[in-house]
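Same chain, two partners: subunit A is paired with subunit B first, then with subunit C.
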Partner chain A sequence: MAPISIPGRREAIEDQRAAGGGLAAVFPVHNPRALLRSFGLLPVEVWGPPSARGDRAAAHLQAYTCSLVRCGLSFVLAGGLDRADCIVVPHACDSLQGLGSLLLDFVKPSPPVLPYYLPRGERDVDRAYLTAEIESLAERLARIAGRELDRAELHARLDREEQADRAAAALIDDRRRLGLSNRRLYELLRSREYLPAERFCALADSALEARGEMEAAGVPVLLSGLVPEPASVLDALDAAGACVVADDMACAGRRIYRACAFDDPLERQAARLLSGPPDSTRDCSMGARVAHLCELAERSGARGVIFFDVKFCEPELFYLPRLQAGLREAGLACLACEVDLADALPDQILTRLEAFVEMLS
Partner chain B sequence: MSIEGALRYYLGTGIGKGVLRFERLRNEWRLRHRAPKTSSPFSPPLSTSPWLKELISRHYLTGRYADAHRKVAWVTSGAPVEFLKALGYYLLYPENHGAVCGIRRRGEELCQAAEEAGYSRDICSYARTDLGSLLSGRTPVGRLPKPDLLLCCTNICQTVLFWYRVLAAHFRVPLVIIDTPFIYSTAPAHAVDFVQRQLELGVETAERVAGRSIDPAELERVTRRSREAVELWMRVLERARHVPAPITAFDEFIHMGPIVEMRGDRATVDYYRALLATLDLRIARGTGALKQERIRLIWDNLPIWYRMRGLSELLARHGATLVASTYTNAWGELAALIDPSDPMRSAARVYLHPILNRGTGHKLDTIQRLATDYAAHGVILHSDRSCKPYSVGQMDQRERLSARGIPALLLEADHNDPRAFADEQAENRIQAFLEMIPS
Partner chain C sequence: MNAAGIGVDAGSTVVKACAVTAAGSRIWQHVELTEPRLEEQARRIAALAREQAGAAPLVATGYGRKLVAGAERAITEITCHARGVFAELGSGGTVVDIGGQDSKVISVGADGSVRNFAMNDKCAAGTGRFLEVTAARLRLAVEEIGAMALAAAEEVPISSTCAVFAESEIVSLIARGAALEAIVRGLHRSLVARLASLVRSLGIVEPVALSGGVARNPAIAAFLAEALGCEVKLPEAPQLMGAYGAALLALD
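Now for the complex of A and B:
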């Protein structure tokens, strides 16, 4: 089986530039990717990045702010986003809210900063608000891109994003037969953070075409949390003999949205963003998250759930005790780990992961 | 709601109110006849203090028996409560309960109870205090009534959303969410529409739970009283512009109880009117809250509830006092937006605009305005580990204030968890800060 070649961020950015397209740097979690693409902007997500040490941000943010935001701000201050045409900051939590506000009021990076508010619900009233909010974002994007919103183009981009969602879901569903390590699986899934949907679909198709008949061995586990960083955690899972068979990561599985049918593409974009699986940053009941995780585990055969959270991440930390209790009640073992994105994976966590997988095997 | 419940409610609150009135009268008498402490840097306590104590105690006393006879709602501190008041709900504010626990030095033990149940030490200490109280059954106010409804408004933080999700799962009661989009610069019309529509949906849920429809005239009356109380509260705060200030922000942190918990009640309006008269008397007599006021400071963020006395004494020893705070100011500055003749639309505007729902630049402007209006010499920015929306931005705010000639100190602490506060370090930093202030 030929290994799949996954383009890196730099390559994707250079290709976009070479094709005369623009770039939108976007912070987590839920982004109107299709809208950005319809203005000729490639959304490139900024989850930290872990390589950007949080030192520069120390002059602006207290140490008790999460490392995702600290690293993100450091990256901005180091000029990492200077080539972007705009910086989109969705409102996902108090810390990202603070980051958006700091960028606008004090840091003032050279690319324009475009915050937008994501309502915390799936009611009609939420969709109506988000449609108006996205329309307002579209007006700001039109000024940056120097062109008006093309509604037919937005519908076409939404179609492609839906296709990419189906591809991502198929990758996770068939994960056992892909012949990929945990790290490689997430490299593939997370390439969606910077690749155009159509390139991601092509990559996913290659991976799915190359799948074998035999199911990979390994202790099946479900991975939940924000983002699997530092990525060495995935190597640690490989080494411990675990196979991630289901995903509830904010950067991956929680962004596989339902297909939405609306005549107005802005409303369709809004409905799409509200249609993802239960997610702490979009508000949902404790019960909905427990039920979703149980369903994922049952469908995939996962024997345990590993929560891999970023320190100081209130949305995740509030849910954790109830999720763990609910999952244990359903007979699923749980392990909760907290990390700082900018730090190496502590040995203590490695040991706990090993012990957890051993216990499940 | 049974006859037995009604009897328990009226008997319990009736007797209790009598006892509280007696205590108030006794305390007022003591205050009038107590010889002033010559060694104290403070003037005698405000003469309305016993009345305030009675008011707050009555509120929690009613709470002890409320669920036997009335519908109860637990609400976030910045929530639009007027429609619940108009429907006759008893309202409990878990954050205020958290503050009471903090003042009575029970915060740490209750936080620990929540941590033992798996809640991280990195989440808000109000939430940990409240959840710890819920899980352990311990509270310094006797008993908290069980809610029939939860009302969570996100205009103070997103934390409350997660916190109320835990409460909803615990109590299995309806949760009304009023989601208030964060205002980075100005509020767009669609944000006001969004909040208004949610309020209307919230009323429907509250009516269903209460089993009765809202009376528009009663809603208007409650809204009018809310506005009256908020205006009076603002006038109380503005009295501290006088030199010497007749009231400090430390006093205000305590006296803000009614405006947070009992907004819309007649008793709150009466109380603030009396407090205002007391302050005017102090001003007329030239009496300051501090006997020797030398340095006037602004406070930013929540108070450090468990160190209020220690901090006020430390400042007072240096002739320093807090003359205003962004926190207490937040409960008064939006009075003009309240329109009793259009309660829902005006509530949507008001509850969208608290300082905590606005950008870091707006907060800097507010601090600067307070510093000018209150002739302050400097600012203490409480970097509150438990309140990220309030604290993020303070480092830039400090730099900009200093650059504009307003000395500012960043004080690391936590509003309810004393384990995140280092006494000696804080004292050293405050002393050094006060020494460098030219007064």
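Now for the complex of A and C:
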């Protein structure tokens, strides 16, 4: 089986620039990728990045702000996003909202900063509110791109994002037969953070075409939480003999949205962002999250759930105790690990992961 | 000696080794302080075990488990302590392992398997290191502080669970003329409070047993029993439970 070649962020950015396109730096979690693409902007997500020195941001942030925001702000301060045409900051949590305010009021980076608010429910009124937010965002993007919103183009981009969602879901569903390590699986899934949907779909198709008949061995686990960084955690899972067979990460599975049919593409974009699986940044009910994780575990055969979260991530950590209690009540073993994105994986986390896999074996 | 299994527990403070017969009886043991060149030390101890107890499959555990050359398997100390204490006490329940670098609470099923576990975060609070650091500040030997804590007539509350903050709190208490014995008792209580909350996070399933080197400190078992409101059992050689469990797993 020929190994899949996954382009990196830099390559994707250079290709976009070479094709005359623009770049939108976007912070997690839920972003209107199709809308940005319809204005010729490639959304490139900023999950930290873990390599950024977090201390640059220390003057602006409290010590208890999560490392995702700390590293992200440090990256902006270091000029890491200067080449972007805009910086999109969704209100996923108080820290990200604070980041948006800091960028607008104090840091004032050269690219325009575009914050937007996400309602927490999935009612008609939430969709109406978000449609208005998306419309306002579209007006600001039109000024940056120097062109008006093309509604037909937005529908076409939404179609492609839905296709990419189906591809991501197929990769996770057939994960056992892909012949990929845990790290490689997430490199593939997370390439969607910076690749155009059509390139991601082509990669996913290659991976699915290359799948074998034999199912990979390994203790099946479900990975939940924010983002698998430092990525060495995935190597640690490989070494411990675990196979991630189901995903509920904010950077991956929680952004596999339902297909939405609306005549107005702005409303369709809004409905899409509210249609993901139950998630900590949208105030979904505890019952819905427990039921979703149980369903994922049952469908995939996962024997346990590993929550891999960033320290001080309030949306995630508010759920965690009761979420774990609910899953244990349903007979699923759980492990919670907290890390700082900028730190190496501590030995104590490695021991926990190994012991958890030993326990499930 | 004809060992059927050997366990080497390369801990952060002490390296322990143990050999067992096919029936699981301990027939050889060895304990020494961890050296900076742990890989060389582990190799020497594994050779010593095979020379003195006989050639047998070897399982490594402890934070240096991956550095033990010649080990058939490396298994975490959580699984090994559970197995060791289960074999020693003959029942499931809750194992509290207080190591030099970290502490674990392990829920052990009726068949000796690990059902759940909790571990302290990257911090010396609730570990042997907390007692080492604070005893050093008081210029006391770590071996004598347990008896001193139990004999103390008074107790000074130590509010810090962090070893660094506790050390500075001790300086303030000394400056205020607090009795040494009362401070030592307060330190033990502080460490046990941290452990008890870790146990409660998992749920208390009796019997509760202590393992790890710090379990040899008599005040820890006494105060933990008080905090949990139940008896706390001690294996005969708590420090050896990880190596013993590893040796038993080498038989599988």
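One rule holds for everything that comes next: the second predicted complex is superposed on the first by the 361 of 361 C-alpha atoms of A that agree within 3 Å, B and C clash if a C-alpha of one lies under 4 Å from a C-alpha of the other, contacts with A are read in each partner's own complex, and residues count from 1 in each chain.
Just so it is clear, a contact is a pair of C-beta atoms (placed from the backbone, for glycine too) under 8 Å apart; a residue touches a chain by one contact, two chains touch by 3 or more.
Only a predicted model underlies this, so the values are computations on that prediction, with no experimental measurement involved.
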Tell me which touches more residues of subunit A here: subunit C or subunit B. B
Scan A:Ser110 for contacts with subunit B and subunit C and give back first, second, both or neither. neither
Have a look at where A:Ser51 lands relative to subunit B and subunit C in the superposition and call it first, second, both or neither. neither
After lining up the shared chain so the two structures overlap, which partner does A:Ala333 touch, if you call subunit B first and subunit C second: first, second, both or neither? second
When the two structures are overlaid on chain A, which partner does A:Arg352 contact: first (subunit B), second (subunit C), both, or neither? second
Both subunit B and subunit C touch subunit A; at which residues? 338
In the complex of these two chains, what residues of subunit C are touching subunit A? 63, 75-79, 102, 113-117, 119-122
What part of subunit B is in contact with subunit A in the complex they form? 117-120, 122-124, 127, 154, 157-159, 161-163, 165-166, 168-169, 177, 179, 181-182, 184-185, 188, 190-191, 193-194, 197-198, 201, 359-361, 364, 383, 385, 388-389, 391-396, 400, 412
Contact footprint of subunit B on subunit A as seen in their complex: 59-62, 64-65, 91, 93-95, 97-102, 104-107, 115, 117, 119-121, 123, 125-126, 128-129, 132-133, 136, 280, 283-287, 311-312, 314-315, 317-322, 324-325, 338
In the complex, go through subunit A and note every residue touching subunit C. 328, 333, 338, 346-348, 351-352, 354-355, 358-359
